[in-house]
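Chain lettering (A, B, C and D) follows the sequence in which the chains are written, and residue indices restart at 1 in each chain.
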């Protein structure tokens, strides 16, 4: 995987911050993505480049089950979300749509927005500021869903 | 080895004898619920992403329009129309404007022992009847709709031993906010909160819904009560039968245990912008408010309306406060109408809206403006949740919210 | 020479004998300001250099279009209004009690013979109690707030005489829709409509209100009914000699006199997207619909809700069809609760909202999408009024609307 | 006598105020925020195509519907020099005068003129299009007074002595 820039957010970052309620009924994720992180950093959708990383603290993505949350991050080209821990629905949704979500206990405290990092999912490591941090590997079942690009491709590969 | 209620439900749904925490199983889902927050995306994916679009069993599906009711914009209307047309074409049970999804599900569908996916995080509410309900995204929901199955990582269970009885003037919502305040917003992450003990037995099914509903605010996958006689009577009164009635085994494994003495709980409030920032209500008394909200899948039931009406009776809502009262369902509304509660709210100057999610989700009704303050019985107080990013939301019980609406500032029932 | 009702009212107000075409300055008896215009009025008021309103007792402020708020900025309108009320000692402020026109009459702010202005085109409504009332813009309202006066051109009057008993299932809405159809959307521009005859004498004030309310849809400046005992009771007043004289003189000069035999009316609808495109319901039967709206200052009163409840009693709204009911005021809501109409409507599946403008003003309350059809009891079916420009709006009486909700298509009651 | 020439946009009968500015946008903070939605239900592209000095020519009953003064203000903000119609709805007419937006009643022009073409207006006298003159009536005096003052706000400011003070160089501030 390639090097990307970090956008760092706080602990207990909830799904209302990732994409506020009033945009959830817009017709498509493409229309919603311009409102990602609107309350915290209205320029985020313009600043983030494909391959960049979102870094969070504990309990990233807590709150609602809105799949629009990982959806807009993926649509904006975010390579992966790296956090100390994730709320479960966000985690599950991200994997289901093929957005890597990486648990890494040490890295979030050592980096700031604007830093660069590099992620190796195969090795289970993240590199930033000259240090290498271990990441928790996904259970094989989830890794398999992710490798297929999410849950829907797996559905289409099934023999009917 | 012994199993908890949640483990037994998963085992039954997976068709295996035994499951343990950490296992991943493929389960057959008993039911799936989807609301207007995401269904338009599910329908789009159904039409565009699938090679062979199909629905395993339309009878297991329930679609509920509850988030933006009545519709507030052409785009909302388009999303809801997509959902309505899909339900009609595929003979899916469809509810619109009849109430908040979880309340409708409890009133009409949920049975003990069932494993239910809902495309809404507060699907954990169904544990009040001894069912395993959990929130998922629309891709999961689509997968479940197409195959009738899904995968589940068996969660660990935390035991919450409830003892004693809530004092007068203290409500299940105070209890649950206290619990979340103590264990934190990720205190039960990926886990099941199982409520038991003699204190649990004193709670009505409606009370249990308050507790289970908010479990996701502690990160829980779900929350669950044993389906005791109280639950079974409630179910029988609605003409439904359980799928299975489970108790946790004596030797079931719990990852952690907490004990809460209900008799020691006091009125509390969650401060902006986190549900686990819980303080005694008296610490924030005097905070000026602009709006108050009594409603939601957490606190919009008849008990809550009774509490609110008992405080509003003979009083007026403060001039500078907009007090929204939004029953959780039409059934709740009609009960409140029968009891004369609607009259009390209307006389007091409250805004009584049709059953829907309203300002709890902050998108179309009672939206608050710049620097405004809302006290709410809703589920969340995240930054900007109810409107402008600079606005603030406090969460309190129906009593605290109603008293605050009268006073024009945060106030508890006893101080009014 | 004889006078029409409006000429009598304006003569008394100005203290001079007026005739159509005269430009006169009137003393304003009451003004109504609604929430949507609030910030604009206050800005203009200050820009004009005024500091205090001329007479706080004559000003009524009503929040109705934006209640409950649906966008973050809506609350700004309340805040601006609250501040203005405080600065000027305004006490007649209604923050969530219903639609402006309903409250103005229901709360007794308009009496027979009054001259009243409001920042809403349906201000013509107050003619139901024999007042001169008309809609103006916010700039003009700001000027009235400062001066208590405004110039008007005395309108010519069109007399509409309706006699006889209306057939079953025909409401005053059907009558006014037919009249608008006959006059055309600009058929009464700048003119006053004066309703008389045994049919309107038999009508309740609520039914008259529906007709006066919609006069603007034919372009009229105002509409007026002769005050009678029903008016006196409704307004909580006693009619003096002058009020009792408020009917058109036999030798008054009218622009036009139109007569109707009540037996000739039938349930009708205004078809998309013009209020004067009137068709009998019988010719539209079978058209599938998506939504029904019962409410607004035109048809959200107790008798309207009761008419709908009679149709819906023991029945259910058709599957996949929404019935949205928005009572016109808090009082209407409470009375509809007390008489059982609310219970009947909700049991039938209606979505009952808090009193306010709701869907009629098109900002929330049941907005629709392309190709959806709605039967509505309000006053306008303009392009895009309730959603996209591909939404089709049919205006009808509450009884017809309720029957359509049950059938899921356009039908006669 | 005031004269001007400009390009015309042609609209039909009964152009209502919901078309001129839909209710959805009425609570936006300023007329500038609203103006891009002008005429959007009917012709969504129109607002962006109108240029300063253009004119609107329409059929009968222009401006019917609500009393929203945002309607003439939006038209003015779009740069429209004047609206020429077969007839105008009453409230819209008052609101336009009060805001200094010129309205001209002319019964025949609408049925002859093509969108995009140029016309010349001689206020209170006639309109010239393709060599033909279309007569127009004079406005009543009291309206001319308000128009000449630059709208009702300015007329009231003069009444309240604000602008006169300014002219004398002794602004009240």
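Everything below uses one rule, namely that contacts are C-beta pairs under 8 Å (C-beta built on N, C-alpha and C of every residue); 3 or more make two chains touch, one makes a residue touch a chain.
The shown structure was predicted, so the numbers you read here are calculated from the model rather than taken from an experiment.
Here the chain-to-chain distance from chain A to chain C, counted in touching steps, is 2.
With chains reduced to the mean position of their C-alpha atoms, the one farthest from chain C is A.
Here the CA centre of chain C is 27 Å from the CA centre of chain D. Inter-chain spacing, taken between the CA centroids of chain A and chain D, is 53 Å. Work out the mean CA point of chain B and of chain C, and you get 41 Å between them.
Touching two or more other chains at once are residues 71, 73-74, 76, 363, 388 of chain C. Residue positions of chain A touching 2 or more other chains: none.
For chain D, the set of residues touching two or more other chains reads 24. Taken as a contact graph, the chains are arranged in an open line, each linked only to its neighbours along the path. Annotation, chain-chain contacts: A-B, B-C, C-D (touch as defined at the top). Across the complex, chain A meets chain B through its residues 12, 14, 16-17, 20-22, 24-29, 38-40, 58-59, 62-68, 70-71, 85, 87-89, 92-93, 96-97, 139, 141, 150-152, 155-156, 158, 160. Against chain D, the residues of chain C that register as touching in their complex are 23, 36-37, 39-40, 44, 47-50, 65-66, 71, 73-74, 76-77, 118-121, 123, 134-140, 142-143, 146-147, 151, 153, 185-186, 189-190, 216-217, 219, 221, 274, 361-363, 380, 382-385, 388-389.
In the complex of the two chains, the chain D residues touching chain C come out as 14, 16, 18-19, 22-24, 26-29, 40-42, 60-61, 64-70, 72, 87-91, 94-95, 98-99, 140, 142, 151-153, 156-157, 159-162.
Within the complex formed with chain C, the chain B residues making contact are 69-74, 76-78, 80-81, 84, 87-88, 94, 96-98, 290, 319-320, 322, 324, 330, 333-334, 337-338, 342-343, 346-347, 349, 351-354, 364-370, 372, 387-388. The residues of chain B lying in touch with chain A in their complex are 24, 36-38, 40-41, 44-45, 49-52, 67-68, 73, 75-76, 78-80, 118-121, 123, 135-140, 142-143, 146-147, 151, 153, 185-186, 189-190, 216-217, 219, 221, 274, 276, 361-364, 367, 380, 382-385, 389.
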